[in-house]
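Pasting in a structure now, in structure tokens, and then I'll have a few things to ask.
We just call them A, B, C, D and E in the order they show up, numbering each chain from 1.
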Amino acid sequence: MSNIIYYVSFIILGIGIYGIVSQKNLFKQLISLSIIDTAVNIFIVALGYVEWGEAPIYSTITPVANFVDPLPQALVLTAIVIGVGILALGSVLLVHINEKYGSLDPDEIRDTREVVE
Amino acid sequence: MDKIEKIDERGVWEKIADQLRSRSMWMLHYCTGCGAVELPPSMTSRFDMERLGMGPMATPRQADLFLVTGYLSTKTLRRVIYTYEKMADPKYVIGFGSCTINGGIYYDSYSTINRLDQYLPVDLYIAGCMPRPEAILNAFTKLMDMIRKGEADGWKRYNENYEWYKQNQLRSLGEVVVYDEFHE
Amino acid sequence: MIALLIAVPLVFAFASIPHERLGRYFLPFVAMFNLVCLFFFMHPEQILEVGKWPAAYGIALVLDNVSYPFLIFVNFLILMMSLSATLENRYGTLLLVLTAAVNGIMLTGDFFNSFVFLEIISVIAYIVAAHKDNALGAFKYLIFGGIGGTMYLLGAVSVYVKSGTLNMAYASFITDPMVVPTICIFFLITFLVELKVLPLGLWAPDVYSNGSSVTPIALGSIVTVSLVYLFSRIFLNIFDLPNPQLVGILAMVSIIFSELGALKQKGLGRALSFATISGVSTVVAALSMRESEITSAAYFYLFNDVVSKFILFTLFAYLGERGFKSNKTAGIAFTFASLSVVGFPMFAGFWAKYYLLKALFQVNSYALPAIILIAAVIEAGYLIKWNVELWYKEEDREKDREDVEAEKAEGVEEVEEVEDFVPFGAQVVTLLLALTLVVVGFMPGLIHDQTMSIANHVLDFRPYLDLILKGGM
Amino acid sequence: MQSLLLYLAIGALVGYFLSMINKRLGPIVLLALSLYGLFTLWNMPIGSVEDLFGFEDILQFTALSKYFSIITLIVFSCYAFFNIVWISKAKRPYAFSALSILTLFGTLGVFLTPHLIALYIFWEVAVVASLFIVPMGKEESKKATIWYIVISSIGSYMFLYGTFLLYSKFGTFNLFEISGDIASEGTGFKWLVSLLLLGAGVAKSGIFPLHVWLRNVHGNAPDTFSAVLSGQLVKMGSYIIALFLGAFPIATMFSQFYAGVNIFSYVLIWLGNISILIGTFMAIKQNDMKMLMAYSTVANGGYILIGLALLDQVGFAGGLFHVINHALAATMIFLSFAAVVYRTGTTKIDEMGGLIFKMPVTFVTYLVGIISIAGIPPTSGFVSKWMIFQSLISKGMFVTAMFTFVGSIGSFLYVFRPLAGVFLGQLKRKDKDVKEAPMIMLLPMIILVALTILWGVFPQQVLVWVTDVQRQFGMEPFKFDGTVLYSNLGHWDSWTVFVMFMVGFIIAAVIYILMPKGKKIPLDDQYTSGEFLHNFDLYHYATKYYAFLEREYEGHPSFEDWYTSIVNVLKAIGKGVDYLVRRTASAYTFWMALVLALLLWVRW
Amino acid sequence: MTVLKVAGIFLTAFFFGLTFEGIGRKITARVQRRYGPRWYQNFIDLFKTLSKHGYTHGWIFDFGVIMALGGIIASLGFVPVGGIVAFPGMDNFFVIVYLFTIGSLGMAMGMVGTGNPWASIGVARALTLMLGYEVPYMISIGSMLYFYRTSSISAIMSAQGGDWNLFKFPIGALVALISLQGMLGKEPFEAPIAPAEIASGPMVELSAKYMGLLMLMNTFMEFAEISLFVDLFLGGGTYFVFLLKYLVVWVLVVLISSVLPRFRIEQAVYFYWTVPIILAFVQVFMTVNGFVF
């Protein structure tokens, strides 16, 4: 039962990949990428989790305690920041694409480009 | 032409050469008219002119004897003259049939040449319309005789009286108009 | 001390934010500074433990015999690019950050740290890729790179989970060998994406062919070199490459197909992009052999390929397909570079091929040499075609000019003069690099000694471990 | 040798900068260097060994080196001499001169070293240098350059692959060190290595599967450079073939197949046969005179290959002798073409005519050249053809003999086509004012004519070189005594033949002079079937000269088309790659998943 | 001695060549039921043409004619005429064959030098025909050279003894005979000089002594080629035996030519490259495998 979080994260990962593969709209693809990011983050956090663990803070109450591994959480923080950065950057790129081609549908974009080329 | 006994001016080599020429006459027959049809019988097995050393040639350069076989129009005369001038000296001309003598039955046509010897030095005419092969062979033997005696000197006459012949030719044919229908 | 390589560029990057134009003036000096530091003040085999945390707990920056030459080369390339490229506003800042990240990724001895630097590089790469209004290509790259980055993250975290440390040296020491292949596959995916091995490098042609003087050089030369370093660090030094044959085959397929793709192209830019894929694929294929001579030759090949492509892309960015009539110097550089890429003698490319083939034959590998040579035939075909076309374009151009003049005389309309101006900096840089190729062509030892030493070090895990852990743990 | 190569390398730079002062200085530098080289190498003892730029014993002066270097230097001297005037028509005179010198550097280097990698380097230098001269020619020449580089690369990379195969086996690049041990290797290895190494020779000398570049390149290159291409660069291929066939113990490496000819040589001989066939019949149907001679080069390459591959006393000598013949003849012919083009500006046979009365010396050069190509005594071309025929007949190789006969008689056909179309026939009106080529152009042509006839009548000098080569390779040397040449099927004496020829000529001339003199008439006084012609330009039979023969093989397969279609197939695959590239990210992810799956599940 | 022998060969070729040609004309005439010319007609023709005043188109024309005759005279010197062998051992088959081509080349060059397209067409046809007949000829002779291990004509001639090669190499002899017909330009391989079609082809511009010299060349060439056939296949023999054999071959050739029509040039080449070449290879196969009777 404790592994359920892994399965959840992999399901979310699958959803993300499915999204990228199946969705035509570029923005939806970007969102799917973000979903993949999230899935991986969940997975990492779950890795550090210890059954019935406690917050990894040394105190008098918990001199010897079942700590949750703090490092993955720290890593995830960084990863989230990077993920957000990429999301923002992708959005900017999409705005540019939309300005240039007037669409976010790759087929329509390709038509426009082929006319240009 | 006046029949004047000429003094034989030929040297020894020339005489020997004339002997040879008379025995090996290569002819070019210019088939302007119906006379040409009489040549095949004279070449083939019945009369066989090859036994006289004669034979048909393909181009005027190789030929000694020029047969004008029939009537001439202004159009064909020009060709005849070109052809004659391409032949190598010494060269002989035989006019076939009455057409070359006086125009024959076409004498009053607007474009017929009535007298060949005004334009080319004819060594021998064969009368008849048309001459039979017997007459033709007879003429050939006669011409051979003339050559041996040095009487067949039409080519010399042509060279000597070139101006006169040219004048006659021009009078009949007019100036040559250069007109190239393909490229100009 | 070695942290300066990362810190100084970053500082200048931040300093340039208020003054958009300053970045591009900072860049050459920063690169110069780095080079000077590297040459005179830093020498291999030193380690910096960030925050005095001892290695295996904290982040360690390592300057060893492998990363040192790579650092010099990359900073040299950055310096060259800063002189040759036309940097618009803010690109200076970006490239300063890129410099920091690239130096960082080569110095770091920590998986997660390298992930962070990789992501910084990626983000900047996406932005740089969007240069010249090429947002679509950049977006493709972003999706691809995004997934690749995720894979790297997964790999790094898996290492941590399985070994309890993020330190590269220590992790390789204690990680369960059973799970190493699986972890490595995550890393591998990232590298295949970033190093443009087909079919994962499909994003590259669209990105590189945008006609910018920054994108293909920043991505194709600088980022590629740093990632090749990381690739060899992880797969040659720390872990074993999983499925080396499969990687080799993938790379070979990539070589052939990218050459075919290049053959088909009607535009020079895309042709060069495909040629770049082919070049890096060759390096990957050679590295997958994990043999010191071959590895050394692969680095030599990388050197030649990167320098030549630097020249080709720079000149393409400025001249397009307009010929060398008025730019003989540029033309000579272009020709030298393409001859070197194909591997004609008396250029660096020949020795790259020579060493590579020689090493491959020594281990009785016959398929890769054949493929390299077949690819070289195709490459020779289209590169020489372009050379000839560009050199002998003058007739057409004169005709054009006559037309223009005629039209001007008629006063029909003002026809825009085609601009084929190569900036002085770019001319000098390309010529210098071309001469480098020639000099290396005559004295291959200059580079070969270095690559040999890198190869020997990179394949020997022990010194690295000793350096980081100081024989301890 | 090292100093010579050094001078040449420096000379390329010097030539470039001197050309800037005066265009004509470039060829003069080349001429001086070639003459210096000729002088040095002529006097150099066979077997000298030298270092090159610090590499020990890289240069080795063998008998084969001497022979080929002398040919090369003769060709280059004439070429340089010719260029002194011609250079004014060159498109890029500076680069042209410098690259010419570099080409000489490369080829001489090839001939002087048995070290395979050094050989490869020099080889590629020659290729690259000549590569950039080619597109200075006609409009088509840019395309031709691609043909050149691709086919040349195929050849040279085959060579490189073979070299490394040898290296991985024997650990040395020195050919002569390898050749002793190779016989004991496995059959497959021997086949592979021999084929790969000879691939370069096959590609370069225009042998059958790789012959397609010659038409394009020789036909479109700058006019004088075609002479070097055909007279000299192609001979580099022949050198490789001669070197490997001579240095490797081919006879013991491969099993005997027929009449003492081993199977490998037999394969080569068949390639030569096909080359002769293709070269001859394609040459017959060319209307461009330079392309015609290009195909002729293919056919002659076949001759050389057959001669060399026979590997016996007479045949090998014949093949080697044919090298010098064809080099001289091709140079003469292409130089005379260059002179014609210099004056008339076209290479199409049916756009010219009657130039003999305007350019008599050029005509004589061409005439002697084709007499030599066609192998008619008293030129040197006959000597080698005789040797090859003798060898083939004595071995009983009649099928090959048939091909050589076809090539030999076919050569009468194709060489006559430019003769009739360009030099004889009616003079075109546009060429009425054409003058003879300048004296400086004529001199090298005259020298070549003299050499060809000299070596046709007194072949001893060349035979000494050739037999030296045979001795060096441990073959029984060709037997000759003065001008009498011996084969195992009898002998002949070139001097007697020449004397008889002169006797016949004198008799004919006496008869001619004794008889009445002919009258000189102009060209347009022609038998025209009595018709008056206005435009004698059209009274010239040059277009589709052999129409009746060409009709017989109209639908022949074209290798040029085949190779183009192969390239098109490759391009179609490339288009597929490009199609994938142009998709959006969604498709890429699919690929990524695929690769991931592969990596995860495939384990071996 | 050599000089005398060479002179003897030339004089034989001159007198008997022309005489036999005259006889050939007589035979043709008889086949056509004509009386025919005298046997010495060809002498008359020759000297007549030489005596005329011709036209020349420039130096190449003169040179070509001299080269044609000179080349043929040169090659004639190497052909053994019965017992007269001028250069024993050096009468190499290939030398003779290639010396012939000097004459042909000279003729072709001179004739095309006239500038007449008919001449060019004729020469083109002649060369094409040559491509046809030379190949089977050389292969079939080659098999003999292989068998006797020598390429000297006189050596092969004397090696036969009474046992003629005609019977030893019957198929080769047949091939050589068919090729001979083409070499001599007799029907059915007469297309190069078709008089009515292309105005006698190469000879179109020939007048007077030029014609004569080429007639002489043609006679010598015929003599040399038939002599080769007689030497190689009929065992040569003493001088008069040789001439007798020569006459027989010549009559055979003339008879064949007098009853056959003309091939078109591509038909001729096609013919030569199918039937005779296959026969020649049959001969080669037999020779190489030792089936020599």
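Everything below uses one rule, namely that a residue touches a chain if its C-beta (ideal position, glycine included) is under 8 Å from a C-beta of that chain, and two chains touch if they have at least 3 such contacts.
The structure displayed is predicted, hence computed values, not measured ones.
Note on connectivity: the fewest steps through touching chains from chain C to chain D is 1. The most distant chain from chain B, with centres taken as the mean of CA atoms, is A. Every chain gets a centre from its CA atoms, and the centre nearest the mean of all protein CA atoms is that of D. Taking D-E and B-D together, the chain pair joined by more C-beta contacts is D-E. Centre-to-centre spacing of chain B and chain E amounts to 36 Å, using the average Cα coordinate of each chain. Centre-to-centre separation of chain A and chain B, using mean CA positions: 112 Å.
Averaged Cα coordinates give chain B a centre that lies 95 Å from the centre of chain C.
Averaged C-alpha coordinates give centres for chain A and chain C that are 28 Å from one another. Listed for chain A are residues 20, 26, 29, each touching two or more other chains. Residue positions 139, 143, 147 of chain C each touch two or more of the other chains. Each of residues 525, 527, 582-585, 589 in chain D touches at least two other chains.
Interface of chain B with chain E (complex): residues 13, 17, 20-21, 23-24, 26, 44-45, 48, 50-53, 56-59, 61-62, 64, 86-90.
On the side of chain D, the complex with chain E involves touching residues 354, 356-357, 360, 363, 367, 371, 374-377, 382, 385-386, 389-390, 393-394, 396, 398-399, 401-402, 405-406, 409-410, 412-413, 416, 419-420, 424-427, 487-493, 496-497, 500-501, 503-509, 511-512, 515-521, 523-527, 529, 536, 539-542, 545-546, 548-549, 551-552. Within the complex, the chain A residues that touch chain C are 20, 26, 29-30, 33, 36-37, 40, 43-44, 47, 71-72, 75, 78-79, 82, 85-86, 89-90, 93-94, 96-97, 100-101, 109, 113. Contact residues on chain C toward chain A in their complex (touch as defined above): 112, 116, 119, 122-123, 126-127, 130, 133, 135-136, 138-139, 142-143, 146-147, 149-150, 153-154, 156-157, 160-161, 166. Residue ranges on chain E touching chain B, taken from their complex, read 25, 29, 32-38, 41, 44-45, 47-48, 51-55, 195-196, 199-200, 203-208, 211.
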